[in-house]
Amino acid sequence: MLDYTKKETYDRNALRVNPAKTCQPVGAMYAALGVHGCMPHSHGSQGCCAFHRMFLTRHFKDPAMASSSSFTEGASVFGGGSNLKTSAKNLFDIYNPKIIAVHTTCLSETIGDDLNALIQGIDIPEGKYMVHTNTPSYKGSHITGFSNMTASFIQYLSKASGKTNRKVAILPGFVNPGDMREMKRIASVMQIPYTMLPDTSGVMDSPMTGKFELYPKGGTKVEEIKSLGDCELTLAFGKITSEMPAETLYKKCNVPFKILPLPIGIGRTDEYIMALQSLTKAEVPYELEEERGQLVDILIDIHPYTYNKKVAIFGDPDTVLSLAEFVLEMGMVPKYLVTGTPGEYFQTAAEDLFLKFGMSGCKAKASGDLYELHQWIKEEGVDLLIGGTHGKYIARAEDIPFVRAGFPIIDRYIHSYLPLVGYKGGMRLAELITGALMDRMDRDSAEEDFEMVM
Amino acid sequence: MKEMNRVLDHYNSKVYKNRKEHMVAVGNNDNNNEILANVRTIPGIITQRGCCYAGCKGVVLGPIKDAFIITHGPIGCAYYSWGTRRHKAKKGEGEDNYLQYCFSTDLQESDIVFGGEKKLKQSIEEAMDLFHPHTIFICSTCPVGLIGDDIHAVAKWAEKEYGIKCIAFSCEGYKGVSQSAGHHIANNQLMKYVIGEGDREITNKYSLNLLGEYNIGGDGWEVERLLKRIGYEVISTFTGGSSMDDLKNSHQANLSLVQCHRSINYIAELIETKYGIPWMKINFIGVEGTIKSLRDIAKYFNDPALTARTEAVIADELDFIEQDIEYYKSKLKGKTAAIYVGGSRAHHYQFLLNDFGVRTILAGYEFGHREEYEGREVLPFIKPDADSKNIESITVEPDPKKYHLYLSEEDINKLKEEKLIGYYGGMVKDMKNGTYMVDDLNHFETEEFLKILKPDIFFSGIKDKFVAQKAGVLSRQLHSYDYSGPYSCFRGAVNFARDIAMGIYTPAWSYVKAPWKAAPILEGTVGGEEAC
Amino acid sequence: MLDYTKKETYDRNALRVNPAKTCQPVGAMYAALGVHGCMPHSHGSQGCCAFHRMFLTRHFKDPAMASSSSFTEGASVFGGGSNLKTSAKNLFDIYNPKIIAVHTTCLSETIGDDLNALIQGIDIPEGKYMVHTNTPSYKGSHITGFSNMTASFIQYLSKASGKTNRKVAILPGFVNPGDMREMKRIASVMQIPYTMLPDTSGVMDSPMTGKFELYPKGGTKVEEIKSLGDCELTLAFGKITSEMPAETLYKKCNVPFKILPLPIGIGRTDEYIMALQSLTKAEVPYELEEERGQLVDILIDIHPYTYNKKVAIFGDPDTVLSLAEFVLEMGMVPKYLVTGTPGEYFQTAAEDLFLKFGMSGCKAKASGDLYELHQWIKEEGVDLLIGGTHGKYIARAEDIPFVRAGFPIIDRYIHSYLPLVGYKGGMRLAELITGALMDRMDRDSAEEDFEMVM
Amino acid sequence: MKEMNRVLDHYNSKVYKNRKEHMVAVGNNDNNNEILANVRTIPGIITQRGCCYAGCKGVVLGPIKDAFIITHGPIGCAYYSWGTRRHKAKKGEGEDNYLQYCFSTDLQESDIVFGGEKKLKQSIEEAMDLFHPHTIFICSTCPVGLIGDDIHAVAKWAEKEYGIKCIAFSCEGYKGVSQSAGHHIANNQLMKYVIGEGDREITNKYSLNLLGEYNIGGDGWEVERLLKRIGYEVISTFTGGSSMDDLKNSHQANLSLVQCHRSINYIAELIETKYGIPWMKINFIGVEGTIKSLRDIAKYFNDPALTARTEAVIADELDFIEQDIEYYKSKLKGKTAAIYVGGSRAHHYQFLLNDFGVRTILAGYEFGHREEYEGREVLPFIKPDADSKNIESITVEPDPKKYHLYLSEEDINKLKEEKLIGYYGGMVKDMKNGTYMVDDLNHFETEEFLKILKPDIFFSGIKDKFVAQKAGVLSRQLHSYDYSGPYSCFRGAVNFARDIAMGIYTPAWSYVKAPWKAAPILEGTVGGEEAC
């Protein structure tokens, strides 16, 4: 397995091997699916749309509906304007979306299609919307695309009426529907009214009913996006993912924002709750306090199995950073942190985290890839690997226990329904991690050391 | 016919006009079942089709285990085609196998602005340092064509610099109208730079190429097992599980078998012209299909011992699966299916379904051409359009040294007349009147046809699988076999039937409707707002 | 591992080998811990109390507080009356419980202590309570003890005032606090007021607060137990566990009851919700309908990995029966069902289940043990083993994937916090089962069959 | 003293009087540190103590790997003692190992009414059929004693019927006041029926018995490794990891080492009387303790080569752990501990804690006798009470054939005078003034002492572990080592320190208090009832 990967360091600057990121449009598509009645539209060659729908479907095991401008060689030469126009007409005609959310591709970006102008030239039916975002695949990653699409919804739609709606805008970041549900539950328990954008719960984890819904019940409604401009505050989860849309809302409608880390683990969920609590007179309900206390109790109980265990984590930057803090809370050593998404903040934040927990000898890298992570692991091994499906080759090659978390998970089921965020998500994650480590202990123990009580 | 019209009636006139030509109510039309295929999808219509890159890198080149494929472009395309198609390959001794890896130049904005050739070259240098491959393929994605990187020049440079084989494939996503363009581009380059280069010694005269078999879920291995049992030698499989060396030696075979007609028929034709090897359309999907194919091959080689061995193996394989086949037939008989997949499977799987008494009521190809629907007899009547003209067409001459005939020209011509070789009859001849053939079946039509025709199973791909299932219709992926397989030949038929049966009989279907949706709401006394 | 277990059948009638049950008192102790302010008291030798506390603590990783009559040889000869009297005095003095719940042991039962009489002779402080139940270890199992203790609370305390309290009495059966929470959540979502007895949530899954609470926040309050007599209906989960206390409430206070299976899986959770729904005018809220639809969706999605897979399940009878129905819903074959608890109903119910799902060749046994289960497995293997910790030896010996569910789980953590019941529990269980099966597929696959997408 | 009184003050007078005598403020009393121990726990007081069966089957007999132990009684007792104590044992070649199994007669009501002997006999028959053990132990639980089953007669029957060894242990739970009675009962039978029966050839004169070592977490193996390195042969370990054959040969050793004084000193004494082998109290817990023990043993054998080898091994082992010890000392120095465990560990572990600069401020035994607290010099002054009189006391005579002396009687007497052998000084002598010694520390006192003394670590068992931790005090189990180990000797010391350090430094402790418990509640404008 991965026999060509050698531990010797090599200064590789051009060839990307086993990436830990993908391209912007898939992130934009996922964000657009989190708006109710929205048809994500890929402005480019139809293969992009096919790849992205395939990938999202494989992660969520639910339909990922989106359309394409279906560029051919002609469009690539003469521009995609007429393709977009035809697309809009056909989409509104046949699929009747409330809103079409266009994202570009490396093709239309390289051609230089001016989406603003193109959309202005399109005859949009009354009560319908068409928005766009620029998502050149050769910049950033799928996280950037998610961020861009979210910001564009705000840029196009949100308005400040001058009167507060007494709500909080929640930008959840690139997480699963199960995570969004848990973030919303926490806000509800705190009795804080909110609008979440995007909100893929009820879309990408929709129930089986015997009836296919092109636009499932879930998703942020267009009216809600409009009203984001009247929110009191934006809670933006994940600086790398959500700062930009939060800033957009601030610039456009003057809604102040707070950047929060993805609320994975105790401290980061605490931050979320404290942010909510600062908005309300109410005390934090016992329900949350109890869950928190349970998670602390669990972490103390399991520490003999987690303490000082070395972990390698890869995936999306905000996810990796929050997973890293949680494993630190568990007493583990986040030996290697890798994201494929570029950006200096990731490394800075990781270093801050190592410092905060007094860790030395840990490495973090943005714009990294799994080949390099694997090299690191070959040089000094870890006790656990956490990340998406692509880690399974490394896990097998190096015989490391593997916990799947993050995006994409295309070789397992159910993960998208259940949260990693919040104290509840912490319990689940703690169970996955401890289970993986203890199963390994059991597997590797000599017969005489195979224990009934642990 | 009326079902088809009910679907079409939703369209505006422009779309109606276009889509109408992609649909055939078999035996119930005044156009001799003629269909429109291999043309552009209308923008905004939710198609399941992919692109040229997917057909070239994803389908044809991807399975070649020891070709080090660098996707030249932004990261996405390489990423999506990493380990996501189930073309299996074993690493033999002394062989390379890069299937677990994904290589890309991961082009950045500055590369788009200033050109990506430099980064491509450096990537090749790094690949040579770290992996020492003997063969590098360069596959370009959309922007590369636009910014004008000369990947073919880079390939030449690499061959010179490193003494390796390096082939460039200009398979930008926007080329052509579907994956089909990519197959063509891949085929052309393999023909130009790979086939015919080998000099492996072949002693078995019953030597075959297995073309258009990508070893999804191990299909190719099962075919090979069967052919070997009879006494054949499979020199090359295009391209499932093959090494470069296998492909290089394909010119030495005495017969080319064509499984997926769409993706590989170019090569089959060119090999025949250049090396004298006839090709035969076979089909190893389905029990009856497999038996017929084996007998046809034996007929070509025309050796009584081989024929006897063929019959003995058929009998033995049948014996092995007989009980299972009967069992699953009892579970599946009378069910109906709709099939919408790639360039030949929608045809092949009808045979397999037929083995179990499952009727196919709708079938279509995602990227087939008219000949896959109507048979090669329509070839002279297909007018190339702008999109197909853009794809290079190559011609070859007989190779003075390597051209060889196993049969006499006379025998070959006889077999061609019999349509045993050099011919493919297409799908429509095997479809019953009253069924439908739909090309480039899109999301809207899928939804509508499922509602109207109510098949028990919908065979398709991952993108529409859950669309069907949400609507309560079992869906199995026939691109990837839903992570099962092999489905080919005798034993594969049992695997297939097992998978279909478990899908149909899986108890969860009976829970779709919540009981409270059926039961009346009683007037209770506890709870509700008043009590809380 | 377990090298002496041979597949050949042998008609064993006396020697119990590797039991799948334990004795009544531990069940009684667990039930008593589910009453707020209650001190469970073991009337017997102090080793019983020590063993039971040890065992409960190891399963829950939380304190299991209980006291003992600390019999010595003298008490065994002359009766334990004075030990009980002293115990009561000291307990009220030192530990100040609201209620003492005495259960007997094989020792005090064999001696013949008349607990009714003994308790009547004890000076119980005003506002305090002392109840008892008979739990001879040589009858039934820990399930019987749980059942007996629950019934005794009712027998001692519940009263019908003649006026309905418009509540439902919920007898959850021998399940984890996480399960009880989920059962309560479902009732709350259905807007049905309830009293659950016993209710160990908030007791055996109590949060870390930095302060030890001898009587944690959770547990059914004595006042609530009293008021059970005014309930409109009893929902008794698990015929074997909860029928007896339900009957007790019916006999004493005329509260009608419905026996429901433990709500594990779709059908059995449906039954619970339908039972609640029959009590109210309100429609079933979409929240539950959505969860249900998600679970159905999941089961359809994962069927290729579960269908026709053979499972052996052992543990407590009501748990095993409900797990069996759930795996049947998943298309699996519950090849072997074993409980150590005696009683004919288990086998009958299992046979009914096999019939309902058209299964042949499945075996079920009450009063069974793990030695025999192992023999069966040796004779014809299974693809998965589900049960408590004690199954780990079999799983290792036969190299079978193992999902821990039920009681006791003494070699893993966190399980007691998270439900198996309800649609949510179904998702969790489905994840555990599918994960175990798919991990095994990955482990056993040849390198060329090791798949990225599954 | 005042802390102790604050705890006692909560009690009513009767309990006060009793419990006061179980507590000693070391060096701060007018009673020469005398303590009350090995007496009944007051009913209703939440004790951590177990029963006679737990001491007999659970502690002493359970570890004997090839003894087929049938618990005669209802199911619970067998179940609870199945795999729950971490006495490890390796199955050697040709040896049996039943540790993964649990055997019980699972008595039912009818057996209680009509007697259980028949079922016991049948169980033995079935055991013989299925397992063919060479040794069966029968351990009775509470009701068996009351219904009058003659398990000893059944044992005799089994020996005759099957030619095996079968020993009955009347270890009903109600006997005695704690596990201690069970140790005694187990010891008596082992002495009567096992020890002295072996005739293995022993060539190494540096032969030892390791008594009172149950190989929890592999402690015994580590001790054995160390002793073997020096040149000793460990003939038997009582009983961790031992086979029956090991125990049978223990009479051949030249010295008995006693690790856990409480559970095994009976045997040590009796072996000396019957076979002439002196015993030495050693302690392999803690670096200093281990060094002293090794030197003491060498002193007994008094061979310069052995002594040199002892020093060399000590130096080498020290060298191996030195860095770790220093590291953990830096992490642990200045911390305080309370210890409440079995019959000797509360003493031993103080040495180990001391190695790392951790002060023990309270210590107590769950089932110790006065001699474990105050030293064997108090033995003559202990008056047996009704509970202890109920436990059989056996006496032995020197065995005419097997009695052997390694040293001259004179030398032995000299060493006895030096207290090198035949002596145990108890815990109190190693405790600092101002610390506390508490016997049978109960739940209430645990809670109170933790609040008042605020130790950094509380060492105890599973039942009160989480009581301490809920109160924010790290607790480690010293019965089972929290599933870690070994903790013995040099390397075990590092394991121990690692475990303690990780417990103390585990980050989760810092999250106990929710931030909103500290921060002021701001007057927000969003949410709350009015907005919802």
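Note that the chains are named A, B, C and D in the order they appear, and that numbering of residues resets to 1 at the start of each chain.
FYI, contacts are C-beta pairs under 8 Å (C-beta built on N, C-alpha and C of every residue); 3 or more make two chains touch, one makes a residue touch a chain.
By chain, with names taken from UniProt: A, C = Nitrogenase molybdenum-iron protein subunit beta; B, D = Nitrogenase protein alpha chain.
Since we're looking at a predicted model, the values are computed, not measured.
Student: Between B-C and C-D, which chain pair is linked by more C-beta pairs in contact?
Tutor: Between the two chain pairs, C-D has more contacting C-beta pairs.
Student: Name the pair in A-D, C-D or B-C that forms the same interface as A-B; by residue number, over half of the contact pairs must coincide.
Tutor: Equivalent chain pair to A-B in A-D, C-D or B-C: C-D.
Student: Counting only Cα atoms for the centres, state how far chain A is from chain D in Å.
Tutor: Once rounded, the distance between the two centres reads 53 Å.
Student: What whole-Å value do you get for the distance between chain B and chain D if each is reduced to the mean of its CA atoms?
Tutor: The separation of the two C-alpha centroids amounts to 70 Å.
Student: Express in whole angstrom the distance between the two chain centres, defined as the mean CA positions of chain C and chain D.
Tutor: 33
Student: Would you mind listing the residues of chain D that make contact with two or more other chains?
Tutor: 82-84, 469-470, 512
Student: Can you list the chain C residues in contact with two or more other chains?
Tutor: Answer for chain C, listing residues that touch two or more other chains: 1, 58, 61-62, 206, 208-209, 289, 292-293, 296-297, 300-301, 390, 393, 410, 447, 451-454.
Student: Over in the complex, which chain A residues touch chain D? Could you list them?
Tutor: Of all residues in chain A, those touching chain D are 166-168, 190-193, 232-233, 266-267, 270, 273-274, 276-284, 289, 292-293, 296-297, 299-301, 303-304, 307-308, 328-331, 357, 447-449, 451-454.
Student: So in the complex, the part of chain A that touches chain B is made up of which residues?
Tutor: That would be residues 1-2, 4, 6, 10, 12-19, 21-23, 25-26, 41, 44-48, 50-55, 57-58, 61-76, 83-84, 86-91, 93-95, 105-107, 109-111, 136-139, 141, 206, 208-214, 340, 371, 390, 393, 410 of chain A.
Student: In their shared complex, at which residues does chain A touch chain C?
Tutor: Within the complex, chain A touches chain C at residues 1, 58, 61-62, 202, 205-209, 289-294, 296-298, 300-302, 305, 389-390, 392-393, 396, 410-415, 417-418, 427-428, 430-431, 434-435, 438, 442, 447, 450-454.
Student: Going by the contact rule set out above, which residues of chain D touch chain C in the complex?
Tutor: Residue list for chain D touching chain C: 10-12, 15, 40-54, 70, 73-84, 98, 100-109, 111-112, 119-120, 122-127, 129-131, 141-143, 145-147, 172-179, 386-387, 390, 443-444, 447, 461-472, 512-513.
Student: Under the definition above, what is the set of chain B residues touching chain C in their complex?
Tutor: The contact residues of chain B facing chain C are 82-84, 86, 88-91, 218, 469-470, 480, 482-484, 499, 502-503, 505-509, 511-512, 514-516, 519, 521-529, 531-532.
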